[in-house]
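Order as written gives the chain letters A, B, C and D; numbering starts at 1 within each chain.
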Amino acid sequence: MTMSDYSKKQLQEEKVFKDPVHRYVHVRDQVIWDLVKTKEFQRLRRIKQLGTLYLAFHSAEHSRFNHSLGVYEIVRRMIENFEEYPEWDSNDRLLALSAALLHDLGHGPFSHTFEDIFHTDHEEYTKKIILEDTEVNEVLSRVSPEFPREVAEVINKTHPNKLVTSMISSQIDADRMDYLQRDSFYTGVSYGNFDMERILRVMRPSKDEVLIKESGMHAVEDYLMSRYQMYWQVYFHPVSRGGEVMLNLVMQRAKALYKSGYNFKQQPTYFIPFFNEDVTVHDYLRLDEMVVNFYLQEWVREEDEILSDLAGRFVNRDLFKYLPFDGSIITITELNELYKKAGIDPDYYVFSDSYSDLPYDYDRPGQNRNRRPIHLLRPNGEIKEISSQSAIINSITGIHRLGSRLYYPKEKILAIKDLSVKSEIINLLNELD
Amino acid sequence: MTMSDYSKKQLQEEKVFKDPVHRYVHVRDQVIWDLVKTKEFQRLRRIKQLGTLYLAFHSAEHSRFNHSLGVYEIVRRMIENFEEYPEWDSNDRLLALSAALLHDLGHGPFSHTFEDIFHTDHEEYTKKIILEDTEVNEVLSRVSPEFPREVAEVINKTHPNKLVTSMISSQIDADRMDYLQRDSFYTGVSYGNFDMERILRVMRPSKDEVLIKESGMHAVEDYLMSRYQMYWQVYFHPVSRGGEVMLNLVMQRAKALYKSGYNFKQQPTYFIPFFNEDVTVHDYLRLDEMVVNFYLQEWVREEDEILSDLAGRFVNRDLFKYLPFDGSIITITELNELYKKAGIDPDYYVFSDSYSDLPYDYDRPGQNRNRRPIHLLRPNGEIKEISSQSAIINSITGIHRLGSRLYYPKEKILAIKDLSVKSEIINLLNELD
Amino acid sequence: MTMSDYSKKQLQEEKVFKDPVHRYVHVRDQVIWDLVKTKEFQRLRRIKQLGTLYLAFHSAEHSRFNHSLGVYEIVRRMIENFEEYPEWDSNDRLLALSAALLHDLGHGPFSHTFEDIFHTDHEEYTKKIILEDTEVNEVLSRVSPEFPREVAEVINKTHPNKLVTSMISSQIDADRMDYLQRDSFYTGVSYGNFDMERILRVMRPSKDEVLIKESGMHAVEDYLMSRYQMYWQVYFHPVSRGGEVMLNLVMQRAKALYKSGYNFKQQPTYFIPFFNEDVTVHDYLRLDEMVVNFYLQEWVREEDEILSDLAGRFVNRDLFKYLPFDGSIITITELNELYKKAGIDPDYYVFSDSYSDLPYDYDRPGQNRNRRPIHLLRPNGEIKEISSQSAIINSITGIHRLGSRLYYPKEKILAIKDLSVKSEIINLLNELD
Amino acid sequence: MTMSDYSKKQLQEEKVFKDPVHRYVHVRDQVIWDLVKTKEFQRLRRIKQLGTLYLAFHSAEHSRFNHSLGVYEIVRRMIENFEEYPEWDSNDRLLALSAALLHDLGHGPFSHTFEDIFHTDHEEYTKKIILEDTEVNEVLSRVSPEFPREVAEVINKTHPNKLVTSMISSQIDADRMDYLQRDSFYTGVSYGNFDMERILRVMRPSKDEVLIKESGMHAVEDYLMSRYQMYWQVYFHPVSRGGEVMLNLVMQRAKALYKSGYNFKQQPTYFIPFFNEDVTVHDYLRLDEMVVNFYLQEWVREEDEILSDLAGRFVNRDLFKYLPFDGSIITITELNELYKKAGIDPDYYVFSDSYSDLPYDYDRPGQNRNRRPIHLLRPNGEIKEISSQSAIINSITGIHRLGSRLYYPKEKILAIKDLSVKSEIINLLNELD
């Protein structure tokens, strides 16, 4: 790849972003500076890093813009350390930095829920935003005509340079290291703390991946435990999941109304491409969380009672209650029938939510689930998969942990007039508890 | 005032909000819990604490909801300490807590700018939201019929109970103690740190105000210095003020277009009461920052070039450049004329912004500017105004510090075709630097 | 037990100790204040909390005085929370606080090593200091004649009140919660962080022990992982253990010299009772780390070359090197013989050190190793041993982790003149690596 | 100066010290590594950074070893930034690093008090330790024969290279920046926090000094305020000063006894050169705080009642009480006479202690008190003394703040048998309060 002069252009003076997690984010490359200024990157300020989690942890209101700068900074520091090793090719610096900065570019509002309902895929859109007619593409193309494609490939894990790819996406990458610390900082919990300084010091570049010096094994144990704890204590919080449930239901209702020809007071212009599942990059880019919240406010005033009720619940954080639930179809079927008798639409007033976490795993011979192991580098040059060396890590390797909950509107159940139906529903729910 | 049983109702178990600044916010009163759940209080999640400051400090994305809980928590802790002193009347507890929680209820989006353009007043709206037909009013009225009025009076500093008032609004109150620490935490700067634990320990209730034990004087010095530093290093940051300038201009343009009968593609429904300066509480409550951002996005696509340009600049953080400026009318007049020659509208493309800070002052005999001194309590019971005891504080007492800047669109100036006009403008600007 | 008025006496105003880990340590009871002022408690300032660990982590120079105040503060906070439960008897407050404060009173200098060499036992001496003629005993006796014995029994885990005992000594007690956080703070590592605030909130008093509400299980997982990490990353650090090895050898040498009638330049007055294993409480109390260090300096100037060399190595941190070692007797025997050929005394110049950790375990029926389980309290009142509920904890339950190392003076080996002996020793050591 | 190869020798791999203030202290130079290992540098582990301050802030038990590494690390980071400026000569790197590391090498135990009584001077001894027959001298001499002298000159501020000198000793140097942060960390107070990262970013090397870019002025204001607060809130704490008073008196008594031919049970061998004011470098180096504490314990058991009492008071922290005092000679004379009547020796039982602080000042033309100004560097290259630009700094410039206290043994006064003398003394003291 021939790189333009632009690719080497340095800012006259280093610029910094003050960052509460990494102290400062340092920028020296003109390309990085220009990428930050693009409207597609600035848009990430309007997408929260943790979607509905602020409903459970009120202080977690930070954006994907915030996190993206953090990932960039970690990769910048990795490279600073790698530069003394022959395994590191300094020509890959800008590729790694750009991919780090842009790795979340394709996230939309409340990604988890929206992808579920509208069958969009943020990885797909990251690629499109990088490759199609955008300011980001314009900047990257000035580096070299192939550069946008290269960056997209690193982010989508199809690039032949596995070392660079592993810096951004692996089981111990800059993305995870940033979000664990950042989400921990913003929520105020201590679980996400681990010794990143130490991990950076023990990372070594190799042909195919980032290796961890064996002496850093305990720091990696601590990092994996942090990750496990953050999933169970923070990310799977029932109130945050309850916010997603609400969004899911309101979006389904709006889509169903649209499909049925319902006459909205405020035309859902921004949503129509999503309802029709025919979304251009530009349709995609303009739907941020500001817009979604605007429509939710509008929908509160719609005639349709279900849409209005669900939208109001999200806007005013009047969420469904929840119970532990094993996902039994029998229960759901029974509930649906009882709901119908009570005049409550089961499509919108009961929701079974499940979630799972796999703190660490790796592909055994013959497997190909894109789970590349964390490898330890011994002083003698030998390489060992980490769970073979750490009993703690071994104890969690390959073990999925699952949970699920049933969400329902308690006060609506309590208001059911048919007392026998009401008590049947209540009994059914009490059995879950 | 007779208080209902409801006023004494305690939650079955204490509830907490995890908070990164105060560790936990503790709630035991049913009334407080119910206030937090109202839609008017939840709305504060959609208003950033620091308006446009996130454009300068990307990590400062926290809401007024977040800050309001913090102020409540500090007042709760003050009361915990006050309870052993006879000067404290425990009947005032709920009044102080409610006023602390609700003190910012009337803030709208980007308050500073909006109040300027639309002549709204957040203190006025706080009062209206508390006294008119809202969920907050409904909760407060259940305490006693007079309770809403009492809470509003404490917030608006007209309540006869000066001790409670001073806990929430004075030169060393829970509001300031929370925002200095919180804004410092979120921006990542260290300036806002001071020893609040110590200050809480040296606060003593008296008939008219919160006194500070003399032994805590140095901690107050440190607090006042923190405040001074936060104003100059953070709150007056030129990029944040530049964001406000942008908003100011775009709102003025939208209002002017509306007044002139311009035909908007998307009717600015939410703004019309503001343009007409005839705003009900319910008009006011629905205009949050989500809605403002939605309209700004819409306006980017409007026909009017000025509106579209200014809105796009805010949305994509493509702000004006700035220079130090003494506010000279001569310069402005000259610039206006040159702009007109160059075909640039001076009403929307140059802005003189000034700001000032008064870290500490107090009313001398005969003055009545509502600047109540910070009083030290000596071991012998004597009371002393703090600047008479601290040379450091004396050095900043009554001293306004001022700054001002001129904002202009650099690249628009550079693109002026009439070279002599262009160079005259550039010369004029160079003189400022 | 009848308690004197003294037992209820409160200080006129709360006193605090500024503490970097718990912010403040709060004292209200006259008894606690008087205990802190005793010379036996002040003596703990002259004993480092972590012995030789400062040789590995230079910043860990804190004393047992420092830690003891921290344990007291945690128990004080536990009690603050317990007071609303009927299971808590407020008469036990002073007992719990006193035992917390004094739990380490019997520690001597470099306890681990000294107990090994001189067969003292810090638990035994704690009891003696509390029960014999000391200032601490005088203060405690003023509470009631039985009070000293009660406090000693809580510390030695023989007191019938198992709830109070478990607050200070159990697998999740105030002692461990303080030292993990404090040692983490002082060393600068992040491993010791866990959410103590949360654990305090989920602790519930019961008849026999402190229970953990089930909802706090993840916080306990995190605490146990912290403990595990601190052992392996900090407490077992080879350089710190190397310092202990040095001390061990120098003390053995001094004792052997004394026993053999060696004529010390400076009579080892303070040590003689220890050499003779006939130590009174007053002998014990005067041997602090200041005194030990003084003698080590003196010994550098003694005629005996071994004593002088070993003492100098400790004083100037010129420690032995180390290798991983399986403890094989064959290797040791071979080394001893080679050493003798080389003219090096194997009793003082090679040391096999092993260490082990058991992060969590509990006695199964029929076992009685004083390993009481951590019990979770479910919402329905059921009690569950924690490893039956947490897969993570289950994975470490009952699993001893072991390590051992061989320490030797590298430069002394390299200086051996008989080249064949030298190379045999080097070969033997190389096999270990 | 010709530098040996040794001066350029790098460690095979960077070594780090984990540090809670700077995260890590990084060492790459063999010379620095070797200096740390010398016995003279290791000795600094046995000298507390803050002398008797641990008597007031129990958690401040850190050593000068700890601080010295911190100063080294700050200078290392300064140099990292300076390397891109032509004003920085990279040949000065090792000189600056060595001087930073060794700047406190000549501190003895409780320096402040000991220098007062025994007329030693730590700067003088730093020079001697560097230039005479020591391990430090041996290491430095291997760099070049002149290197020890150069290092000593930088530390003693007589070196012609004013830039390097100012990095270590000026009104904003690495020494102060480290101790403010470190002492703040260990005491647990927040006063010592300032934004060192920002200050490092705005420091620019010039021919004669380190300049501060004008944009960093507020960060320097904050630093100077931190310094001011630390002096008044921490360093001048009455209990810490009270500890020094005790030491002062006990040392005076021991010296007087020695001079009068008193027969000590334990010969004060280590002190004799100090009593005689004839101290070699080796006498000096062996008197560390371990030794002083040993003797204090011994002296408790001496026959002389005054020596025994005073020593016991220090060892067991049974300090004198204190009152504010204007230093009036009349009061002192009166007290002395009353003491004599009461049979209390006024030389050892009353002490007038005064202290003062000058947060910032600079030599005006004609003055030469070695107060070099802090200079701001404006964008146009102009240089301005900082107090001319900052009103806050101006308000404290040149202003000495003074305080003084009278220390006396309260319970000894209360035990005076002659009731009229007793009441006269009490009245005299009451007038002070």
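Brief remarks on what is shown
Heads up, the rule we're going with is that contacts are C-beta pairs under 8 Å (C-beta built on N, C-alpha and C of every residue); 3 or more make two chains touch, one makes a residue touch a chain.
Owing to the predicted nature of the structure, the values given are computational and were not obtained by experimental measurement.
Seen from the C-alpha centroid of subunit C, the farthest chain centroid is that of B. Two chain pairs, C-D and A-C, are weighed by contacting C-beta pairs, with C-D ahead. Mean C-alpha position of subunit A lies 44 Å from that of subunit C. Computed centre separation for the pair subunit C/subunit D is 32 angstrom, with centres defined by C-alpha atoms.
Looking at subunit B, residues 23, 189 sit in touch with two or more other chains. Listing the residues of subunit A that touch subunit B in their complex gives 17-21, 23, 37, 39, 42, 45-46, 54, 57-59, 61-63, 65-66, 69, 185-189, 286, 288-291, 293-294, 297, 315-318.
Those residues of subunit A that touch subunit C in the complex are listed here as 189-191, 193-195, 218-219, 221-222, 225, 228-229, 232-233, 391-392, 394-396, 399, 401.
Those residues of subunit B whose C-beta lies close enough to touch subunit C in the complex are 16, 23-24, 197, 201.
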